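For reference, the structure I am asking about is given below.
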Amino acid sequence: MTTPGVAVELVELTRVYGTVKALDGLSLRIEPGELVALLGPSGCGKTTALRILAGLDEATSGAVKVDGKDISGVPANKRDMGMVFQAYSLFPHLTVLDNVAFGLKMRRKAKADRLSRAKEMLELVGLSEHSHKYASELSGGQQQRVALARALAIQPRVLLLDEPLSALDAKVRTQLRDQIRRVQLEVGITTLFVTHDQEEALAVADRVGVMNRGRLEQLAAPAELYANPATPFVAEFVGLNNKVAARVSGGTADVLGTVVPTLPGSVASGEGLAMVRPESVTVTADPAGSARVSSVAFLGPTSRVYVTLPDGEVIGAQLTSVAARAFAPGDPVTVGVDADGVLVVPS
Amino acid sequence: MSALSLRRVRDALPLLPFLAVVVVFLLIPTVTVIVNAFVDDGGFSLARIEALFSPTALSALGKSVLLSGSTALIGAVFGAVLAWLVIDSPPESMLRRAVLSVCSVLAQFGGVALAFAFLATVGLNGVLTLWVQHLFGFNLAGSGWLYSVSGLILVYTYFQIPLMVIVFVPALEGLRDQWREAAFSLGASRWQYFREVAVPLLTPAFLGSALLLFANAFAAYATAAALVSQGSPIVPLLIRAALTSEMVLGQSGFAYALALEMIVVVAVVMIAYNALVRRTARWLR
Amino acid sequence: MSRRLLRGAAWLGFGLFFLFPLYAMADFSTRNLLAGGRTLRAWANLVVDDALYQAIVVSLALSALTVIAMLVLLVPTLIWVRLRAPWAKGLVEFLCLLPLTIPALVIVVGLRNVYLWVTYFLGESALTLTFVYIVVVLPFAYRALDAALAAIDLRTLAEAARSLGAGWTTTILRVVVPNIWPGILSAAFISIAVVLGEYTIASLSGYQTLQVEIVAIGKSDGPTSVAASLAVLVFGFALLLALSLATRGRRRRLTTGVTE
């Protein structure tokens, strides 16, 4: 069942619609068996890139290579890629089993063979008992699992997922995304996963590509992306951030009274705004402190403690709820920064 | 009366004007027709119903069914093609708007005008008749076929095709892009997509629309009345004859029976339409 | 490439079939049979011929009356059903769509007794046809108005207005109606087109409306009838095209107001 993964390469893809540049020279290489997530706000070009890879859209310039071969001229129905759409892609007039077997029917496989393979795929996604139902009788999450089974049934070389979880409820989303990742690892297929939800991207991907206005801002492993954002856009888009006044000189920044090394891409010297994650902010009770607690928000396992600085700005610190219990609105505190590096952007 | 039903009655009062108009001007006439079809000389009788089986009435029924069936078929096929052409155009284009507006006018508001349109084209002095006469020496309108059932078939398609466009375009629009793209990404050729996905999904809507066209043609009166001044080849014209007849022999009573026959045929077709479309309409919502 | 060719050929075929008779009407109605060349005599008859002119006036008055009566009857009823009598929605919808399955011919056959009463109270004018015409336009008007009402948050609007002290009339006229303009316009235009084109009920009830007059004249003066028919078709087309353009702009504006 494991297909040997193939490498996928997008080379300088550009897509222009009239005066709008949906893609601006996107280059990306996905290693065999890797899951790369394309992350970005709507309109950033991630779905355009995926559709060009699938053959459903044509690039204005640039090339698409699979396993080293240029497939830019190959029509969509000959590309041997499995695709999962955002919603409503199951054929309503066919049962679940027939849906999953559809691709095999197009390849003229014998009936017995395609039904047995379809059943295998349904077992992989855990929906064997539903094989004789119709799409309208399934929940959104179940439909997407069937769509996944259908895409994998044809043993494609590449798996493409276009915001597969965006139309689902929050709880179903987390369960399904883990299941998709599990299946992807088990099958070992090269995968491109498009989403606007950064938590989703960080959770499932081997590497995440953050896109903005048709360009790739940064491509890195989730942890790296989170800790060392390469551009202000990435720092803003991924995870939460406080923006705190800081002074930079000689490769370090003076933030909230603490000296922290600056990350590449930061302002070289002078005044700037440091992007500090809530979990990197330290709050200590201090009767002589110049900052005041403004409010505490209980979030379950963690809490957010909001502190008003002497200059009037409010920042949020993330503490365990146990630690946060020590603080109440009005308490005087001292704040600091505990991070290996910080990105400083111009004010 | 309980408090709930008292409130129901009070809430229903503002609906009275609407209900009154519908009851008086729609339901009462309909009931009048049904009741009077079973009445003769003031008492219950099947005499008028029996008249429906006379040679004249049966012939008219047969021709009506022929007219409605043939124009439904022609309208459905050509209308589906035109509908496909329409949705192939950009959604907000002038062409699309213009075509849909023309279809609306021809399908629903044009009855008499269409008769005169064809009189002007292939009537005795019609533009096309005169051209053909001039070019080929052949009299296109010779036998006066325009004023018979064959002529009606031609003229009826002029509003059946547009009606099909109006009714079928929503079904075509309901064919989601995702299904086509999913089929392609799974390896289907255009022909395979058409045969395995598009046709099965559109067939119920297509058949349902054809039934609608049948009922529409069967009940149509204005065009036939304007074209055919002598004779009553089809049921609606037979009703006209019965209503305007000067003969005293219970002819106006015959109109009731004929009208009942019309209700029954249209009702049967609409019930079939509902049964067909209800289950599968969900797919193309 | 061949697909585009096929499509072009298909458009051409349909264009010819549907546009040629319209051209023929224009040609036929402007033909000068005596001296050759063109004449606008037939078209002038639309104003000059007294009977025809009267019939035009009657039909226009009838459509105006029908539109007003339909709106006054249907708009409050549909609003009431949505707000206070949701249990009646199925019944109202059924009754509104019923005229689609009951042919006009059947209605006119059974209408005689009813109209005996109507003419007794209201006289012999053709304008009494308004009542039946309300029923005839019901399916079209219902669809347009229902769609427009479904697109707004009627409950919230009405409750807000009432909580600020507005009575029902004010609420309907000054709060709801301005928000369902596309639906009202649509219902009105379509109703006008239906009434102008209606022949079955008018002719078999013996009234002289536009369509009845056109058919009557047609026996003796073909060109004038053809001219009048073409005028009605073009007018209907202009109405519906204008409606299509008017509601497109409005629809966009309405949604931007709500979602942004």
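Note that the chains take the letters A, B and C in the order they are written out, and that residue 1 is the start of every chain.
Basically, a contact is a pair of C-beta atoms (placed from the backbone, for glycine too) under 8 Å apart; a residue touches a chain by one contact, two chains touch by 3 or more.
Worth saying up front: this structure is predicted, and the values here are computed from it rather than measured.
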- Of all chain pairs, the one with the most contacts is B-C
- Message: Among the chains here, which has the CA centroid at the largest distance from chain C's centroid?
- Response: A
- Note on the structure: Cα centroid separation, chain B vs chain C, in Å, comes to 18
- Message: Please tell me the distance, in whole Å, between the geometric centres of chain A and chain C computed from their C-alpha atoms.
- Response: 54
- Message: Between chain A and chain B, what distance separates the C-alpha centroids? Give it in angstrom.
- Response: 54
- Message: Could you list, by residue number, the parts of chain B that touch chain A in their complex?
- Response: 176, 178-179, 181-189, 192, 196-197, 200-201, 280, 282-283
- Message: Quick check on the complex: what are the chain C residues that touch chain B?
- Response: 7, 10-11, 14, 18, 20-25, 27-29, 73-74, 76-77, 80-81, 84-85, 87-88, 92, 95, 98-99, 101-111, 113-114, 131-132, 134-135, 138, 140, 190, 193-194, 196-200, 203-204, 211, 214-215, 218-219, 222, 225-226, 229-230, 232-233, 236-237, 240-241, 244-245, 248
- Item | Contact set on chain B toward chain C in their complex | 8, 11-12, 14-15, 17-19, 21-22, 24-26, 28-33, 36, 78, 81-82, 85, 88, 92, 97-98, 100-102, 104-106, 108-113, 116-121, 123, 125-128, 158, 215, 218-219, 221-222, 225-226, 229, 236, 239-240, 243-244, 255-256, 258-259, 262-263, 266-267, 270
- Which bits of chain A are touching chain B when the two form their complex? 54-56, 75-83, 85, 87-93, 102-103, 105-107, 136, 147, 150-151, 154, 160
